[in-house]
Amino acid sequence: MPEVVFSVDQSKSMREQAVPGHNRWHPDVPLAAMVRPGQEFRVECREWTDAQLGNNDSANDVRDVDLNLTHMLSGPIGVEGAEPGDLLIVDLLDLGPVPQETGEVPGQGWGYTGVFAKANGGGFLTDYFPDAYKAIWDFHGQQCTSRHLPGIRYTGITHPGLMGTAPSADLLAKWNRREQALIDTDPNRVPPLGLPPTESGALAGQADGSEAQRIAREGARTVPARENGGNQDIKNFTRGSRVFFPVFVKDAKLSMGDLHFSQGDGEITFCGAIEMGGFIDLHVDLIKGGMDKFGITTNPVFMPGNVEPRYSEFLSFSGISVDHDTDTNHYMDATVAYRRACLNGVEYLKKWGYTGEQAYLLLGSAPIEGRISGIVDIPNACCTLYVPAAIFDFDVRPTAAGPAREDRGQCAVTS
Amino acid sequence: MPEVVFSVDQSKSMREQAVPGHNRWHPDVPLAAMVRPGQEFRVECREWTDAQLGNNDSANDVRDVDLNLTHMLSGPIGVEGAEPGDLLIVDLLDLGPVPQETGEVPGQGWGYTGVFAKANGGGFLTDYFPDAYKAIWDFHGQQCTSRHLPGIRYTGITHPGLMGTAPSADLLAKWNRREQALIDTDPNRVPPLGLPPTESGALAGQADGSEAQRIAREGARTVPARENGGNQDIKNFTRGSRVFFPVFVKDAKLSMGDLHFSQGDGEITFCGAIEMGGFIDLHVDLIKGGMDKFGITTNPVFMPGNVEPRYSEFLSFSGISVDHDTDTNHYMDATVAYRRACLNGVEYLKKWGYTGEQAYLLLGSAPIEGRISGIVDIPNACCTLYVPAAIFDFDVRPTAAGPAREDRGQCAVTS
Amino acid sequence: MPEVVFSVDQSKSMREQAVPGHNRWHPDVPLAAMVRPGQEFRVECREWTDAQLGNNDSANDVRDVDLNLTHMLSGPIGVEGAEPGDLLIVDLLDLGPVPQETGEVPGQGWGYTGVFAKANGGGFLTDYFPDAYKAIWDFHGQQCTSRHLPGIRYTGITHPGLMGTAPSADLLAKWNRREQALIDTDPNRVPPLGLPPTESGALAGQADGSEAQRIAREGARTVPARENGGNQDIKNFTRGSRVFFPVFVKDAKLSMGDLHFSQGDGEITFCGAIEMGGFIDLHVDLIKGGMDKFGITTNPVFMPGNVEPRYSEFLSFSGISVDHDTDTNHYMDATVAYRRACLNGVEYLKKWGYTGEQAYLLLGSAPIEGRISGIVDIPNACCTLYVPAAIFDFDVRPTAAGPAREDRGQCAVTS
Amino acid sequence: MPEVVFSVDQSKSMREQAVPGHNRWHPDVPLAAMVRPGQEFRVECREWTDAQLGNNDSANDVRDVDLNLTHMLSGPIGVEGAEPGDLLIVDLLDLGPVPQETGEVPGQGWGYTGVFAKANGGGFLTDYFPDAYKAIWDFHGQQCTSRHLPGIRYTGITHPGLMGTAPSADLLAKWNRREQALIDTDPNRVPPLGLPPTESGALAGQADGSEAQRIAREGARTVPARENGGNQDIKNFTRGSRVFFPVFVKDAKLSMGDLHFSQGDGEITFCGAIEMGGFIDLHVDLIKGGMDKFGITTNPVFMPGNVEPRYSEFLSFSGISVDHDTDTNHYMDATVAYRRACLNGVEYLKKWGYTGEQAYLLLGSAPIEGRISGIVDIPNACCTLYVPAAIFDFDVRPTAAGPAREDRGQCAVTS
């Protein structure tokens, strides 16, 4: 086992760790550890909300979650010799839930999928499912099941939802400027268009006093993906993957968290992955001057590994950029098209006895693929949602006999 | 070989065939042939423009193409017993270029990829590549190469870009209404927001006289994907696939065309697939009342086959819904995010010596995957473009040594 | 379509073709055609017995087949510049049954699998199935079904069972010497240990008179795989594959035939593949002096392509080198171990209602994998037989409910 | 993490554990633990020799290993309700090296591959490599490298080489009888034809005194695979797999060990896998009366999981049942054919600068596939060895340029 350079005691909040992590992007969060190019090391992680949610049958904790605390990240890890303009190579050697433990904290043998209420962030189908919902998943090696989703068992593509390098001060300023400009176009929208910096709930690692306050005041929220990677939620970023991150500050300052036991493309329920704490084993290296050499400036590049769970039979639902409820045509809008593909998948699953909420939770967490199939055929974008047939313990394909409808219970709801 | 129920003489235009096809969606295009549930049959197809483009080194024919002639479809094929509300099962037994022939028509041993000029339809990156470009591809069994893209060889995922059932009169009226409403929001846009019916260039199969004129006047253009399937451009809809189409009219009236030797997700260059004429072998069956049974109303459902070319190593470029040129943040816009992912891929390939145009043509036609990775992390959608490493005859991965830059020529341009 | 350099009229025997092929390995079979390194070309093939078997419900034709006529090969094709010591690169661009035709000859829309009678060659389980049996398969694109094997449908891994370069005179002499030495150890065995040259039924291409007689007298039978490749029956040698053949004579003299729509590893029923005539599209090139450069002397090397049908769920039956009928232990004998694995698979399938003969025919023709799992654990070799679950239209996995036994008819038998 | 029902302190020998395991098959080895159908549990394992080998650069420990101590198994685990005639379902939820530890014992961050000397067991190519050799492998997540095999890095298909149920007294007697009969045919052979029971080194779990002596005297050696599974060395028996074992005694008495970080088909170097201690997480269930229901009597059946490392490009070396050194033809001998395929692979790798010993060690441990391609084409069996191209950090394919020969060092040898 490689050396643990960032350790977490799962019985304590991130704030109470010997070396606490952080939940804002800022170049001045102090280094939590240093590693060398070529080194292998382990990083331990808290679940993204710092374990605000429990292994129970109520969605009240999803409804009431404090999102200002998220995402609780481990790091920053400095890489010796890294300078702005380099590419940081990160190999994902291994990752998983909290090893050797069972307990109350997500990642200790279980995880959860949540649909956030419209009033608290919402999700991709929030206009159709405005309330909070939850499903608890039990881990069985690389497979999982849920008492809230009977008839389902699948192998997770386990990955960190969030990993990235620290922004430079300039880049951070740019983020805050452009996101505020967007928010300003509709400042009272629910859910909001974006999340500006907020001191509430902020954690700045080992910084304290006025420095911590400044970081909290300036630091970018961790919700979106940005030029540094961040919350990309790429479900295929699993064991064996290699990522090339742009380096914007001295030492690169790599941070990570938001571990997912599994997630579908798009993570459509917002915290739609199966959320958990756990560990990541990494190897890092540098390509000096790599950003310019390879033209990689506004994004990471990654190479998937070769141990992803293999699914061979899919049901694929297409969707187009038309709102069929109002019969309104949107122009080449892949977001609308993927939403329709998801809704089409939900309708299909309801015919087999799942509630819409259950179907929504399933599509958020199972290893579904979301593809942009047609993006030039005016006026309709066409997206496709691929659902692996093997995740069901019944034959889910359409046949002349019609669907085998059963009472399949319900997910956790609010009270 | 199954019986040919729709035959094409590739030396003649679709208009001159013994039984001509059609290029508009309309319930009253007369049946070209009838088949029974359970039957296997072959349909022959013209290339989508009716072969307006040639195997040469100029993109003038792309620039000057008459889009009112497209897509030249084969059909409609009636299916005995099909009624509105049924699901039509279509199995893609086999498909390919024009068998046993070499010649001047796309599909006779070769195909082409085109970038349309902004003034004539444009493509996904039309603001970056406003002119017309072309690459000619030679077929070698299931693989292809292009004299306009040296260093590239790959196996195509051959598929029909377009297949669908006829709309009912009501559905057709709905299409025309909602698309006109969209066009009306910016009627003079270049490229336009949508294409309304036009009599120019219309072909209504075996209808003639005033009936043909009426069909031309009312018939929906074939460009976008819609509830009936249509131009979905799903690159994985290849040999061994099964599709379930909603049936909206008596006999279902299945039509198809726009064969692609290969295409990347999104078909980003507009006619970005490798376009060709050829053949499709099909098997059909019915699920009576299947639309209601399975909740399939606004879209087809499909199941990919098991003979897709297998790629195991990818370079994945992510993109977010930020216009980095103007530093403008778009809200959860997957279209913008995928465009950035494509631009990021283009920049990377330019470092190896390809021109931007070549890279664009490559991403349109090669078996790339376009994924919606994050669609809920406000305000940034995150999309990913997966480029198979094996399509290059050099090692395209980032290394400390930097890219092996070479003069890789240029694609066909306009004169 | 590439140029046809060896054409076959399927209405005539190989002997009656304008340019006939051959059915013996000999360096002096005259060239049927010449190609250049870098050239793509098509070769047409007769089914391996020269179409002695019919699309009917009797196995009498299997019982009575004249094996002296086999394998009817197309070629030899000369490759310009090829010299002994080179490696001949052969790319399999495409292959398939007889295009555009239906008819009476295997490959015209159908093929067959046969179990040979013990008295006429036998098969791998000949002591258990000493009589002749047959199943007819109908082709549906790349998939096939059989009226003699209800409940089965799969995608074939289509390939040439036999391809090879001509032996030198020295190599041919070596073959004849060592095989005769083996035969001499038990000359009256049924089935025989090997097949020495025989003039009966021999075909020497365009040679005639005394030259043809000499070739017939000296020419090695085509049954086994040897240093030149030959009847390797490698089921994965399908579209997209590349082979490196040792060159033993000037011009290499490449010959091929014995096309299989599908075959299981081992081709256990002897003509256990789905046999057919058809076509192969090839590309050839040379590595000058490649045999020494790469240490390839007694065997071809091949690289599988990337369009093999993909199966993801298998039932794997293991077998060890023990004859359980007599409780006799064989030492590290992979042949015995694989036979037991096959018998174990047959017993399993019988529980579902197939006859032993049907199960045997299925394992010979379906895309099963035969693996050497343990070959050093004295005294028992361990082999495994992987049967893809997806070839059955029922759930073939073991469950507490027991197998769904049905009357599944019978294959074609002798009368 | 599931409950540990069999725990191992890696700092102690198996003999010194609180509950020791066993190294002989015998129905009377006392139960080490009981589990229920449906239960998930963890079993910890010692490396198969009980850690006689070290992380060093000498093969002396391989040469001098005491094989009477092998295989040190964990168990027997009783399954409540299991009776003779049942099938025991075993799901492999997870497995891996010793978690959270680095150290001196194989499995603590490293493992080894050994070629045994001819005088001490030998290997598959012992006539070509009669001495002892070793390579040490370092683990990096699911990947591994070796200082003794530069240029190699691959993802292991981690699995237990050995798992099985206890034989009944009758079955045990049958084993001893038939194996002794084999040994008696050449009792002085080196290496021996088989290994009879021996008291030397025997460990009988918690049995002691005369009972332990009786078990040692009667108990079958664990080397070969037999009807109960045992040392099958099936490399694909990895995470996510399900096995169906015949039950021969009350409580089934499941035992396991011989964990392999990776292994090639055949495990050709004898302890050719990458040997290690570690853990296995299991789930068990029963099919009552399953042996008769499914005709499973002399073998386990298994279903591979869907997380095997995926390789897409292979070099495949074929071999036939001819001893080319003496030009002797063996009749349909798959063992000889696979040996030739292995030797052909070794020769090829030597051209790139590896020593024969290194190549042999590589083929034993890397995820190569060994296939029985042709087993009916008299007189030559044809086997194929598939070597994944991706395990090399150079392009290992044959090209006109010839192999990139380099000094690649040497493995550990004896002194």
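The first chain written gets the first letter, and so on, giving A, B, C and D; residue counts start at 1 in each chain.
The rule is short, and it goes like this: a contact is a pair of C-beta atoms (placed from the backbone, for glycine too) under 8 Å apart; a residue touches a chain by one contact, two chains touch by 3 or more.
Bear in mind that the values here come from a model prediction, so they are computed numbers and not experimental data.
Novice: Go through the assembly and pull out the chains touching chain A as well as chain B.
Specialist: C, D
Novice: Based on the averaged CA atom positions, which chain is farthest from chain D?
Specialist: With centres defined by C-alpha atoms, farthest from chain D sits B.
Novice: Name the chain pair with more contacting C-beta pairs, choosing from B-D and B-C.
Specialist: Of the two interfaces, B-D and B-C, more C-beta pairs touch across B-C.
Novice: Averaging over Cα atoms per chain, report the distance between chain C and chain D in Å.
Specialist: 32
Novice: How many angstrom lie between the centres of chain B and chain C, each centre taken as the mean Cα position?
Specialist: 39
Novice: In whole angstrom, how far does the Cα centroid of chain B sit from the Cα centroid of chain D?
Specialist: About 51 Å separates the centre of chain B from that of chain D.
Novice: If you look at chain C, which of its residues touch at least two other chains?
Specialist: Within chain C, residues 306, 310-313, 390 contact more than one other chain.
Novice: Going by the contact rule set out above, which residues of chain A touch chain D in the complex?
Specialist: 1, 40, 91-94, 99-102, 109, 140-143, 155, 239-240, 281, 283, 305-311, 390
Novice: Spell out the part of chain C that touches chain A in their complex, as residue ranges.
Specialist: 310-313, 390
Novice: State the interface residues of chain D toward chain C in the complex, per the touch definition above.
Specialist: 87, 89, 121-124, 174, 177-179, 181-183, 191-195, 223-227, 229, 231-236, 244, 265-270, 272, 286-288, 290, 293-304, 306, 312-320, 322, 324, 327-335, 338, 340-341, 344, 347-348, 350-351, 369-384, 386, 389, 397-400, 402-403
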